[in-house]
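Going in written order, the chains are labelled A, B, C, D, E and F, and every chain counts its residues from 1.
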Amino acid sequence: MRILFANPNTTVAVTERIAAVARAAASPGTQIVAVTGKTGVPYIATRAEAVIGAREALELLAEHADGCDAAVVAAFADPGVGGARELLSIPVIGMAEAAMLTACMLGRRFSIVTFATAMGPWYRECVDYNGLAGRLASIRCVSGGFRDIESVQEEKADALVEACRLAVEQDEADVVILGGAPLAGLAGKVAERVPVPLVDGVAAAVRQAEVLASLRPVKATAGTFRRPDAKAITGVPGALEGLFSRR
Amino acid sequence: MRILFANPNTTVAVTERIAAVARAAASPGTQIVAVTGKTGVPYIATRAEAVIGAREALELLAEHADGCDAAVVAAFADPGVGGARELLSIPVIGMAEAAMLTACMLGRRFSIVTFATAMGPWYRECVDYNGLAGRLASIRCVSGGFRDIESVQEEKADALVEACRLAVEQDEADVVILGGAPLAGLAGKVAERVPVPLVDGVAAAVRQAEVLASLRPVKATAGTFRRPDAKAITGVPGALEGLFSRR
Amino acid sequence: MRILFANPNTTVAVTERIAAVARAAASPGTQIVAVTGKTGVPYIATRAEAVIGAREALELLAEHADGCDAAVVAAFADPGVGGARELLSIPVIGMAEAAMLTACMLGRRFSIVTFATAMGPWYRECVDYNGLAGRLASIRCVSGGFRDIESVQEEKADALVEACRLAVEQDEADVVILGGAPLAGLAGKVAERVPVPLVDGVAAAVRQAEVLASLRPVKATAGTFRRPDAKAITGVPGALEGLFSRR
Amino acid sequence: MRILFANPNTTVAVTERIAAVARAAASPGTQIVAVTGKTGVPYIATRAEAVIGAREALELLAEHADGCDAAVVAAFADPGVGGARELLSIPVIGMAEAAMLTACMLGRRFSIVTFATAMGPWYRECVDYNGLAGRLASIRCVSGGFRDIESVQEEKADALVEACRLAVEQDEADVVILGGAPLAGLAGKVAERVPVPLVDGVAAAVRQAEVLASLRPVKATAGTFRRPDAKAITGVPGALEGLFSRR
Amino acid sequence: MRILFANPNTTVAVTERIAAVARAAASPGTQIVAVTGKTGVPYIATRAEAVIGAREALELLAEHADGCDAAVVAAFADPGVGGARELLSIPVIGMAEAAMLTACMLGRRFSIVTFATAMGPWYRECVDYNGLAGRLASIRCVSGGFRDIESVQEEKADALVEACRLAVEQDEADVVILGGAPLAGLAGKVAERVPVPLVDGVAAAVRQAEVLASLRPVKATAGTFRRPDAKAITGVPGALEGLFSRR
Amino acid sequence: MRILFANPNTTVAVTERIAAVARAAASPGTQIVAVTGKTGVPYIATRAEAVIGAREALELLAEHADGCDAAVVAAFADPGVGGARELLSIPVIGMAEAAMLTACMLGRRFSIVTFATAMGPWYRECVDYNGLAGRLASIRCVSGGFRDIESVQEEKADALVEACRLAVEQDEADVVILGGAPLAGLAGKVAERVPVPLVDGVAAAVRQAEVLASLRPVKATAGTFRRPDAKAITGVPGALEGLFSRR
């Protein structure tokens, strides 16, 4: 089985971290293909940046989905995932979506903990979009800047663990998601320091992508995710143009 | 006062129709600037097309907002409006948002009637995003293809009026929105044929843009629409790059 | 254009303040007619007082709406606005409704800040009635008594600004409404002291009344705001009796 | 025990029917005091009429509550009940509220069936106000006019039974409320013709009033139904004036 | 009238307390039958214990309902009440349900105060199950262990009163329910120390059971609480087996 | 990896079908342990039967969970799953829960289609319990009796496919779940006859159980699913008694 991780950000080191965590978390025999945005920002933190990232995600998926069994939009809050689900024939999931639905099987209410306050509003919109506001305990963002997106999880580990604990004690979370691709792999390292299950977005995503691929769902020809009618489009790269025009 | 209408679609004739309706609906002295997407699709109908349109909307706003007092994302369902509201200093509203909030002052529940079934799911997500699902009576899409997006409102007028009537009789709508920029101006022509108030998206948008501009709101420096921190971005045109990098 | 402000309270000085703020906020050429309740309380603060004010509002509207293009129930929380919308042929809006829907175009979540704790429960019911609880960040009431309803906005200005700031910092408001007719005009004076947009209820109401009047909506003959069937009624003044009996 | 039924409508025959049904449904030893609105409409069917009825309800309660142990606003949809609950020292309930909460103990979802289409919107607002929309299966209004409000329950009995059956079969109601004071007593007569429990508003109200009186709740001195501060009020009859001014 | 209280816990002293409070709260002439679980736990505090208690409740009701006019599942959070309502011909209510619906007639928002933190999650699920989350102010659990379930209300009285006060001051409760059968009777003793109405679960339950019995509702033959089709079942005692198999 | 399927019904043939479908759907190397209820009903269809099944589920899990990596409550609507999640150290999921959360990754709204009308109300409560009512398109139950629970999926295949199509066409489902353990395996056989993805409850459950097991979540020591304090319990078999008493 082959799972595509499309990181719509431009930081190659984050893609590499995602790929490594995904490989470690995947079933035996699953191959991980991880690609990085060619344009955009180092990491998405706002609605405006997510607009840019959503289109980049579609481009990456258009170029690399061939031969894959499922795809993951590998930025927490899932830019472009709805559009991708329309266009592609294989299952597509977002990292936040995978993490949240997995968390729902481990507790009634989940919190999302992340490393920068800028992300709160965008994450909250993602929770609402998934209809899961009733299962959300809180979103807690560690305040203060950080030196380097590539090593932010090491730099902020203690503060993140403290935020997880507060989510449990004050917000009544049964389970905590560490949100944001730059935090991939941290859950495994700090699990013993938090009194409830932690969910790693990348690990959840690779496993859920496997689930969807294994179910071999038909591509919808009805409903809201049916493949759209072919449509002329201009100004997008060839692979993406092909998805829209169905040539 | 100067209001910018950014049509993220590529059909110039639709932009011209929007501009004409906006001029007719505006207060005396209001100037309308209307611009058309340079790349993308003739009209947005799906989530995937909205991803493309959202970025186009940001580009158009970045290039043309200078000297304007407020801006409108002139595609129903408002691609990119949240991001635009973060980036710009002037008020930005979406055409669907303006129409829905105006409708809320004319009745308890509104329906949206439009000309193509493909649009239903995307419109529904827009209603949910605005937290107005509790005020929605229905979304009714006229089925069957159409010849030309530029004249779809004339071609489908009778079917649209019938859909409005059904929205009132069967779905308990107090007010009906004619959704989709290609329907701009139709509400005024068919108002007498529908037993409840009709809302024209373009007319509502230009008037609401005037309201916001007249209130002269400060640009938020806190809250979720505060201006984002400057950030390096690659692969976007200069004006948009400037908004992100704050240069 | 002629906009009627019906203040269902008995304090003429508050009506005068409303009128002055409305004139300053209106479009050129808009005329403001402002009338004061003949019976009732100096200012409405509870559900019971709102029952009295609702009927007073209907009486004032019945007597003064002739020749006006739109009307405003000029007490925050909008006593009687639903009934007025049934009875009158011109658009009718409430001050709270206008402020809240305007605020929705400036941010995802709004707070309402006001000058007396008694008002919280009644305001909350108004938010719920409008189906906007999902967009409410908080209602913050400045505690402690005040000397004079006519000058409460000057007396409490600092405390109100502080409450606005707390709404942003602690309740995650993107925009703040200064609620209550006695606070009319304050938003403009303190805008620079609050880091998000402030909405003045009277300014929003006059502008939204203009929007509705400019759209020239048909009077509904179906739906829940259709004109009610004529009905005999006793014990109400002639103008109001005429609206019910349709004579 | 003494229970006051305040019918804010002007039809004495309806009050008499209410009183008779209440007496038959009450516990042994409960006395029923039933009073009729002196001004207003023969029966309330719209929001505007409810505004008039709400004030009439307050007047009736102010005049007649002395010596009673609990009071009922005896018009379905409960005009003025919130205000009355603030002002009075004894428990006050609305007929719709009592019927709906009783219905919740007999099934998951209830329908309300009534005799005139005009009432639907007002009833729906009452359901929403009580936070019970999630338990509502439907509101079904028998269409067509009727000859006489005093005998509408006999005239429309078959149509009402049919509406009850449709509520069960098509709307998935577990229990049906016959709404509207003019239908008092009908539930008992047609119970065998409907396959789920029927709730009579008057019977539920008198029994629930007894429950509240028997619990002897303290008058709240905090919370949103605490007795309001004394306030000068003009233009209302002496008894009501006394409740506001606390003299 | 004869009301059955089925306590699905094994503590006879709690059943005796329930019976005494029910007798004191009942109407003249109402007889109370109170029975105790033969197997299970001394008091239910978690979801797992509620699973055990739900079946015990069905067994007790099957054995003792004959000759009773209504039945109460006498453990707060109402284990098994939905199933019992299907199986039995007489009305069945839960103690939490009765308390919450009664509280709704005394205020807009209620809090539940109880004596052990373990109970919070189970109570919360009960509120949600009843569709009353919108009317819940808070659930407050007194922390710390207790010596004896039989006398926990005396031991914790001061802490419970303090929790009630905090529910009013900090959570905006209009009314407070003392939750948990071991607290039966406490509300009456401490009513004067809390500034809003207190609801005693047992008193509310006995009175609401009387209401339902007095309405003589038909046993549903349609809807979701219709009597289930007869079904073979193994491994349950004879009386319960008879309810399922309808012999 | 070893996954336990606990079928709380007494029909061994259904357990065997579950086991066969689970084995076919599982990852290579996953072992399936499937056990059948010793007491109870042939298949659970009502709330009352679910009460019996919930306790049976706990007993089966207590006896067989040792040595397993995750467990599934193998009856659609998940009797006892919350209690099991408290008591056990390994992850526990319900079949309905697994199917619904999987469906959420394949579309915005799902329908549940099943083979008997009796099941609708119980399934609906399960959807609500999981906080997923906003994602539910409909529950469609094929009407009419059936000959044999063991072969109901063959007997009703055409009617079920038709119900799936109606769910898509009339209820706007993006994805359909075939609910009820007796339908295990049917989705794979009829997938080509339905225009949207179908989800098989057993296949989803085994794969989701693998996901949870692979994440190796810590057993919560805080939050609402923390292991309960040890408690004496009487009248339950030894293994279950051990889980409660922690011996």
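The rule we apply is simple: a residue touches a chain if its C-beta (ideal position, glycine included) is under 8 Å from a C-beta of that chain, and two chains touch if they have at least 3 such contacts.
Being a predicted model, the structure only gives us computed values, none of them experimental.
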Report task. If you line up contacts by residue number, which pair in C-D, A-B or B-C shares over half of them with D-E? Let me know. Result -> B-C
**Report entry** Which of C-D and A-F has more C-beta contact pairs
**Finding:** A-F
Query raised in the report: Where the centres are mean C-alpha positions, what is the separation of chain C from chain F, in Å?
Result: 52
Query raised in the report: Can you give the whole-Å distance between the Cα centres of chain B and chain F?
Result: 44
Report task. Please work out the Cα centroid separation of chain E and chain F, and write it as a whole number of Å. Result -> 29
Report summary line: chain D residues touching 2+ other chains are 108, 121, 224
**Report entry** Parts of chain C lying in touch with chain B, wherever the complex brings them together
**Finding:** 25, 27-29, 91, 93, 97-98, 101-102, 104-109, 130-132, 134-135, 168-169, 172-175, 191-192, 194-200, 203-204, 207-208, 210-212, 214-215, 217-218, 220-226
Query - Complex contact set, residues of chain C against chain D - result: 10, 38-42, 45-52, 54-55, 58, 80, 82-87, 118, 120-121, 124-125, 128-129, 224, 228-229, 231-236, 243-244
